[in-house]
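Two complexes are shown next, each including subunit A; its partner changes from subunit B in the first to subunit C in the second.
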Partner chain A sequence: MVRIKPSTIWQASKLNRFLPFLLPECRSIHAARQELRWIQDESNDDYQVWKRCKLRYRHYPLQYILGSQPFESLNIKCKPGVLIPRWETEEWATDLAHRLPKNRQIHVLDLCTGTGCIPLLIKHIRPDAVVKAVDCSPLATGLAYWNSKSLGISIQVIQGDILEHNSTVKPQKVDLITCNPPYISQSTFVKETSRSVKLFEPKLALIGCFEFYADLIDHQISRAEAFVYEVGELSQCEYVCRRIVEDPILSKVWRVGFRLDANSKPRVVYGYRRVAITLDWPRIFEEFGELKN
Partner chain B sequence: MFSTVLRATRLLSPKVWSRLQSTASNCESLELHPLLIKRAEKYVEELLVLEQRMAHGSIGFDVEREKHFSRLSAVVDSFRKYASEIATLKELQAMVDEDPSLREEAEQEMVDIKPVLTKTSNALLSQLLPQHPFADAPCILEIRPGVGGIEAMIFAQDLLNMYTNYAHNKRWKYHLISHNENESGSGIVDAILSIDEPRAYDKLRFEAGVHRVQRIPATETKGRTHTSTAAVIVLPKIAEDSEKEADSYERTFKPDEIRIDVMRARGKGGQHVNTTDSAVRLTHYPSGIVINMQNERSQHKNKAKAFAILRARLAELEQKEKEEKGRAARKGQVTTTDRSDKVRTYNFPQNRVTDHRCGFNLHDMEGIMAGERLDDVIEAMQSFDSDSRAKELLDQVENSN
Partner chain C sequence: MSFKTLQLSQVLRREIHACCANLIKKNKLPSRPKFTLAMEADLEEKFLHGGRGPGGQKINKCNSKVQLKHMPSGIVVECQETRSRHQNRKLARDKLALQIARWQNGGEPIARETAIHEWEKQGKKSRERKSRDKHEKHDEERKAEQLRELEEEEKILNQLMH
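Right, the complex of A and B next:
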């Protein structure tokens, strides 16, 4: 990363005494001013602004400072210990929710829900859906519950570890499984993860490799009609695709596809049954991404 | 006696005087063309019929008709006022011609009555002419600096302040949709102001164009006068910049017509980074319009605002095309008020604001920049516009005969 020039810092300090604090995270004066305005809008006095800017100087996430992150039209509350919703998630979740049929009781299960942003958005856009959210962290389920209460969107929040296959998460039949699992591998966590994420966001929600994708094939896929999983890199997409293609039964029943985000990075692996029983999945997922099987 | 009165009014009234091109007020020009009078009489008849029908209660409530009714009665009211004033003037004229004993007093009264009559006849004229299709709409003002570097940015900021003050003085609701200051914080790179008052577009549409400033800039060290410009774009506000509106509006476009770009971060993205950047760039390919929006924390809100502006721009574009077609059909070289480039000059050393289209001068820079006297300029421009449109209309009628 390019070093910030002393002249830039000097220029920033002349504009506003708090501005240099924001430079390490924002990198440019323009972005720093924008962020300062957002902080000022939600602060009571200069002392609070100063304290918040100092937190930001130490790469503390703005979403934790202000306590919220806009997610499509929803304002999702954020707390330390729970992953902040990303715009990539917002992008695919919005698209997916609009594709689901209206006025149908679709059963949706969201795993690793965190703040509950995905199930809340789906329920907000398609109010007739029946939505459940699962997370293993009590902090996350608490926050998801609080979010659903404060937004007035009712979803069922369950605490339980899906990798542990105990009785808390009963393997009921659902139409759609969505999931944003931890997908940063240990090596990329050290090398390619930004400082603010590394220092302040929960490792529980970040570090993982293939365990959730393996769990998808081994346990979740049998009870679902379709699934949408977020991924961090192409290898995870390929892993899911390979597991399905190699299995003689699954390859006949399931179609799998990848989806890129607006930044042209592989972001989602999705799949649905070829023979749809309840819903017309091929139509729903038309042009959602690129089909591989 | 006559001249002393004139001098006195000139001394007492604020320093406003118009050039020769503007509406010179002699007796003939005060009277409207017989064709226009005929038109007004038609309205009177229409109102009578409508009133009778409404009195009988034979027709139910209808919003469109109520609107039409209120417009009709406004036209008829000002027509009656105009008719009575013109009658008084004619009587006075007759008195001047016939009775030399009363001549002086009659002339005095005529001088008094003329400005009132100019006002009423102008008002009636603008009511009789066909309305602008977006006249009822609220408006969106876009302000951008032109040539002149930092000074132009400062002037753009001054213009923005002028319009917000103007809206504030009128007690109109307004809000800033987007506001981007330059790096040094002394001026703006661009700003979009939304004035949410119905009919604001009708008032402010003549503001569109290039505004020129002549002054010694704050950035100038040697005391030289500079000339800089800022551009103002006035758009009719078709829809609210709410998210719901934007969503439904977005779906009216084909996917290959528009493109929405969000920030393109380097690296892996997703959970690896935690960005707060929410800038959105909206491109509309058929028209080549590009809109950048970055002020809100929510990408979704930025997108909604961008769509509201796209909608206003497209509506304006369509309207311009329509006008262009109509003009081509008439084959006439018609002067237009909304196309000319340099519309106004703000000369600070001379304390003067000049509107180049109607040749109106106002010597009160402070009042203008505070938005208090802007109405004077706007009214001058409006009467100029209705005059030229009336002329156009009459030419058209005469040509067709």
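Right, the complex of A and C next:
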């Protein structure tokens, strides 16, 4: 990473005495000023602004400082110990929610829900959906429940580890499974992950490789009509695709596709049954991404 | 100028203003140009998130930039005022609607802008007038005070003389 020039720090300090604290995370004066404005808007006095800027200097995430992150039209509350919703998730979740049919009782199950941003958004855009959210962390389920209460959107929050196949998460039939699993592998976590994420966001929600995608093929796929999983890299998309293509039964029943995000990176792997019983999945997922099988 | 004539002139001036000035009210300005659904079709929307580098869970971006391009005119607007992408999209559309209205007006300021300009000028004028009136009033008072003092002094002098 390029170091910040002393002249930039000097310039920033002349503009505002708190501004240099924000430079290590924002990198440019323009971004730092904007962030300072957001902090000032939500602080009571200069002392609080100063304290928050100092936290930011140590790469503490802004969303934990301010306690919230906008997610489409919702303001999702964030707390340390739960992953902050990302814009990539916002992007595909919004698109997906608008594609779901109106005035239909669709059963949606969201795994690894964290703050509950995806199920809350789906329920918000399609109020007739029946939405369940599962997470293994009690912090996350607590926050998801609190979010649903404060936003006035009713979703069912269940605490349970989906990788442990016990009775807490009953294998019910659902129409759609969405999931934003931990997908950063151990090696890229060390090499590529930004400092703020590495230091302050829960590793439980970040580090994973193929576990959740294996679990999808082995257990979740049988009870679902369609699935949408967020991925970190192409290999995870390919893994899901390969597992389905190689299986003689699954390859006949399922279609799989990849979706890129606004930065043209593979971000979502999705699939649906060729012969849909309840919903017209091919039409719903039309142009959602690129079909591979 | 005596106090009476001045007062008269003030009244006169006020009357002249009341009958001549075409006053603009702040709450009755021409409305802001609205963004219509028809405009949506000519748009090219881009979300800029810093381009290269890792994404997804690996990085935690706080800002989101929306860039709108209006194809027929080639106008480009950007917005990254708020943390919310949803909000930024709305703000960018409002900005663009204003730009389009100006473009449709042939680069001239639109009715609302001229009205706002007029309103500001009017405010400035009225502030100036008020300040002038105030100063005149104080001047007059001061003069009256001096006159009174002089008279008193004269009185005292007269008393001493007699």
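By our rule, the second predicted complex is superposed on the first by the 293 of 293 C-alpha atoms of A that agree within 3 Å, B and C clash if a C-alpha of one lies under 4 Å from a C-alpha of the other, contacts with A are read in each partner's own complex, and residues count from 1 in each chain.
Convention: a contact is a pair of C-beta atoms (placed from the backbone, for glycine too) under 8 Å apart; a residue touches a chain by one contact, two chains touch by 3 or more.
The model shown is predicted, which means the values in this text are computed figures rather than measured ones.
Enquirer: So, on subunit A, is it clash or fit between subunit B and subunit C?
Expert: Verdict on subunit A: clash between subunit B and subunit C.
Enquirer: According to the stated criteria, A:230 is in contact with first (subunit B), second (subunit C), both, or neither; which is it?
Expert: Touch partners of A:230: subunit B and subunit C.
Enquirer: Contacts for A:178 in the overlay, against subunit B (first) and subunit C (second): which applies, first, second, both or neither?
Expert: It touches nothing on subunit B or subunit C.
Enquirer: After superposition on the shared chain, which partner residues are touched by A:196: those of subunit B (first), subunit C (second), both, or neither?
Expert: In the superposed model, A:196 contacts both subunit B and subunit C.
Enquirer: For A:141, is the partner it touches subunit B (first), subunit C (second), both, or none of the two (neither)?
Expert: A:141: touches no partner chain.
Enquirer: Considering only touches as defined above, state whether A:15 meets subunit B (first), subunit C (second), both or neither.
Expert: first
Enquirer: Could you look at A:29 and tell me whether it touches subunit B, subunit C, both or neither (first, second, both, neither)?
Expert: So A:29 only meets subunit B here.
Enquirer: Which holds for A:62: it touches subunit B only (first), subunit C only (second), both, or neither?
Expert: both
Enquirer: Just to be sure I read the superposition right, which of the two partners does A:88 touch: subunit B = first, subunit C = second, or both, or neither?
Expert: Touch partners of A:88: subunit B and subunit C.
Enquirer: After the overlay on chain A, which stretch of subunit B ends up in the same space as subunit C: 1-9, 37-45, 73-81 or 235-243?
Expert: With chain A aligned, subunit B clashes with subunit C through residues 235-243.
Enquirer: Once the complexes are superposed, what residues of subunit A are shared between the subunit B interface and the subunit C interface?
Expert: 31, 34-35, 38, 61-63, 70, 72-73, 75, 83-84, 86-88, 90-91, 182-184, 188, 192-194, 196-197, 201, 205-206, 230, 232, 261-263, 265, 267
Enquirer: Subunit B touches which residues of subunit A in the complex?
Expert: 11, 15, 25-26, 29-31, 33-35, 38, 61-63, 70, 72-73, 75, 83-84, 86-88, 90-91, 182-184, 188, 192-194, 196-197, 201, 205-206, 230, 232-233, 261-263, 265, 267
Enquirer: Flag every residue of subunit A that touches subunit C in the complex, lowest number first.
Expert: So the residues of subunit A touching subunit C come out as 31, 34-35, 38, 61-63, 69-70, 72-73, 75, 83-84, 86-88, 90-91, 182-184, 188-189, 192-194, 196-197, 201, 205-206, 230, 232, 261-263, 265, 267.
Enquirer: Spell out the part of subunit B that touches subunit A in their complex, as residue ranges.
Expert: Touch list, subunit B to subunit A: 181, 183-185, 243, 260-262, 264-265, 267-278, 294-301.
Enquirer: Spell out the part of subunit C that touches subunit A in their complex, as residue ranges.
Expert: Those in contact with subunit A are residues 46-47, 49-51, 54-64, 80-87.
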